[in-house]
Each structure stands twice: as C-alpha cells, then as structure tokens.
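These notes concern the structure reproduced below.
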Amino acid sequence: MENCIDIQISDKPLSEQTCLEFVAHPGAGGIVNFIGTVRNQTQGKAVIKLEFEAYISMAISEMRKIAELASQKWPIQKMAIHHRVGTLAVGEIAVIISVACPHRKAAFEACSFAIDTLKETVPIWKKEFFENGAVWIAAHP
Amino acid sequence: MENCIDIQISDKPLSEQTCLEFVAHPGAGGIVNFIGTVRNQTQGKAVIKLEFEAYISMAISEMRKIAELASQKWPIQKMAIHHRVGTLAVGEIAVIISVACPHRKAAFEACSFAIDTLKETVPIWKKEFFENGAVWIAAHP
Amino acid sequence: MMKVLTFGIAKDIVGGPEMDIPYSEGMSVLALKKAVLEKYPQFEKLNSLAIAVNNEYADDNLQITPQDEVVLIPPVSGG
Amino acid sequence: MMKVLTFGIAKDIVGGPEMDIPYSEGMSVLALKKAVLEKYPQFEKLNSLAIAVNNEYADDNLQITPQDEVVLIPPVSGG
C-alpha cells in the first residue's frame, strides 16, 4: 500500500482535484470523497473564522495509520487524506478524504471510518472564532 | 429543495469541481461525493470501452425523484447528480453524486442511498465492450 | 397500431429504436407486455422487463391511451 | 528538567509552546501527567489529556527517557 497512500498537511487551500487524480485507478469502480468544510455556525453562534493547529509529525503518522488500518479492513486501491492548517474562512475546505475501491460499498465504509477515526486520534486542534471570543473545540465538557 | 437539486445528463466529461461548487453551502459540515468510474475489467475480462444509453426525459425525472426522496429522509442542503452518456474510456467518470449536509453521517447515508437507488431505477443502460464482443450489463441472469 | 420506444438491449432485440404493437382501446400494460413477448420471445430471457408510460414506471393494470409515450425498460445498469 | 511541548488549548494554559517539568530517571507517563496537573490545575477541566512520546500515544506506564520528544495532547478536534 505504500505508494497507494497520500497523506498531506498543508497551510494552502486543499484541492479535491488533486485527491481525485491521486486515487484514480484503472480497476476502481467506486471513489468516495469526504470533504469537511468550515460551517458558518456552531450551536447557533455565528462562526467568523477558524484556526487549525497540528502537531504535524505525529498528525502525519496518525493519518497514515488510519489509511493503513482501513486498507487492512477494506480492499482499498488508493487513498488520500489531506488536512488543512492555519486560518480558514467559512466555506473553506478543512479536510479531504478520498478512497478508491473496486466496489462502492467498501469505499463508503472506508471513507466514513477514516473521517470518524481522524476526529478521534489525529493531533489537530480547531479554534473557532465568534463575534465575542474564541473556543478550542472539544476541549471542555 | 427545488433550487438545491442539480440533475444533469451529459455526453461531455463530468466535472467533480462543478458538482462541488454547486453543493457548496455555508451551513454544510460534511460533503460526500460518490464518483463512479469505468473499470478496466469485469469478472476478469478486459473492458476496452463502455457505452451508456439513456431514456433521457425519464432518467432526469427518476434522478430528481431520488434527490427529493433523499431530501425527505436526511437534512440535505444541496445535492447534485450528474450522469454521463455516450462512449467512455477506462477511467472516465460515469456518474457523480454530491451531497451537502450539516453533519457528515447524513451525507454518507444519503449519498450511498442515492447511488444504490440510481442503479435500480434510473433508465440508463451500460454496454461493455471486450476484445471479442459486447454485453448489455445486467440484462440477462 | 401503437408505437413503443426501445433502449439498450431492447433496441437490439427489436432491431431499431421503436416497434409497433396492435392497439385496442383500454389496453392494459400487462396486455402490452404480452403482445411484446409474443412478437419477440427473446424478451423472456431478460432479468426483467418494465414498461414506462409518460416517463413513469407503469403498473400492469394501467390502461394505455393512444396519446401515451410508451417505452420498454429492460434491466437498467446506470451508475 | 525536561521539555514538554504544547499545542491547542494546552499552549494557552501553559502560556507558550512548551513547559519544563522536573525529570527523574525512569519517570513514567503517569508521573509526568501528575506533575503537569500539579503545576497547571486547569488541565483537570479538560475532557482528556493524553501524552505523546516520540509521535505515538503513550500508555501511563511507559518510562520516559531524557531524549524523548514529549507532547501534551489535549482533546483533538481535527476534520
């Protein structure tokens, strides 16, 4: 799987096209992409902007683990996980996960597993900025 | 939902970027795209090319029904379903389904539902061309 | 006679994009199917054969009128 | 003393990208956590506090060596 996994963390805008081109595979029957974008509100409070901070070396390592674990569970041909860091405006892309499999069911399951796991294990932190303050998401109960 | 659904059948290459731009929504937290591409083989036989034929007026109507039904089942903000017709080479995109929802779980479920239903109900027919002949897929037991 | 449109393998079986079937007033979708199968027994070998009337899948008991757009729908395989 | 790196809310609590903690030979991850909480009780209020040693989540009983890269991992929120 080594050359079939593309893991990136970038402070530049992410490109869905780049992910799609990476996962293109002549034997692929289904490609599923998850694209996480910055929402304009959280629990009714208007979000102005958002900042992502990453412990980059470990985040890359954890993202790779997710892709490798997914590749053990499902017949994945190609997989890309790209995460943005820095300051993002509403509507910008925070994360893209693209999975190519011979059949679509596996691609849906693997992509869903990957984003669920990423949110649990990858050392990246999101700070949301509101009119009157900012909050590190998920930090407190 | 009327302006939130984009249904297209085209004999030109499909654009994932176009679908993504259509489904962009400031309140979206998760966008899931399914991209069906032409595989290089079916049950071990090399596929040279593929042709899609559609009963276009009804296919558009059935694709719209799928988007509307999905919108009743899940909180969909925007949804695009684009299907290609004509002659396609291996690797080309046959179908794109993009779904934007406030949360990702609904987007995964709705996108998966849409492609499953499309394959059951939409009057589009696929002919695969091999070295020594061609077959209308799913026609015979 | 009424015109019935064909697509996919149905077009191959019929040898063209449409076929003519004898029409009788109040003819049902089921009667139409039987007439099609009688003329082209190869349709028996398909996984399924549906009829669309005016862009909608039609029940067997729907009555067809001469103005309807009637289409043979062999097993679909889009996506 | 050993250097412990901080990110996210941990950086805010500590007031910078790293903190110093007294190191003793064979110190466990659990002992490090206790030392951190003693110095900055605000960490008690977080949903969780993990320790990464050399880019891996570390168990409480792992022994830390002076060469290790040690990082406080407050609740993550990527994606």
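Chains: A, B, C and D, in written order; residue numbering restarts at 1 for each.
Heads up, the rule we're going with is that a contact is a pair of C-beta atoms (placed from the backbone, for glycine too) under 8 Å apart; a residue touches a chain by one contact, two chains touch by 3 or more.
Bear in mind that the values here come from a model prediction, so they are computed numbers and not experimental data.
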Fill in: Chains contacting each of chain B and chain C, listed by label
none
Worksheet, complete the sentence: Chain-centre distance (mean CA atoms) for chain A and chain B, in whole Å, is 23
Worksheet item: How many angstrom between the C-alpha centroids of chain C and chain A?
Response: 48
Worksheet item: Per the centroid of Cα atoms for each chain, what is the distance between chain C and chain D, given in Å?
Response: 72
Practice prompt. Would you give the residues of chain B that are in contact with at least 2 other chains, written as numbers and ranges?
Written response: 36, 115
Item to complete: By the touch definition up top, name every chain pair that qualifies.
Response: A-B, A-D, B-C
Worksheet item: Which bits of chain B are touching chain C when the two form their complex?
Response: 36, 52-55, 57-59, 61, 83, 94-95, 115, 118-127, 136-141
Worksheet, complete the sentence: Touching chain A in the complex, chain D uses residues 5, 7-9, 11-12, 45-47, 52, 55-57, 71, 73-79
Item to complete: Spell out the residues on chain B that touch chain A in their complex, using ranges where they run on.
Response: 16-17, 20, 24, 26-37, 39-41, 90-91, 102, 104-105, 107-108, 111-112, 115
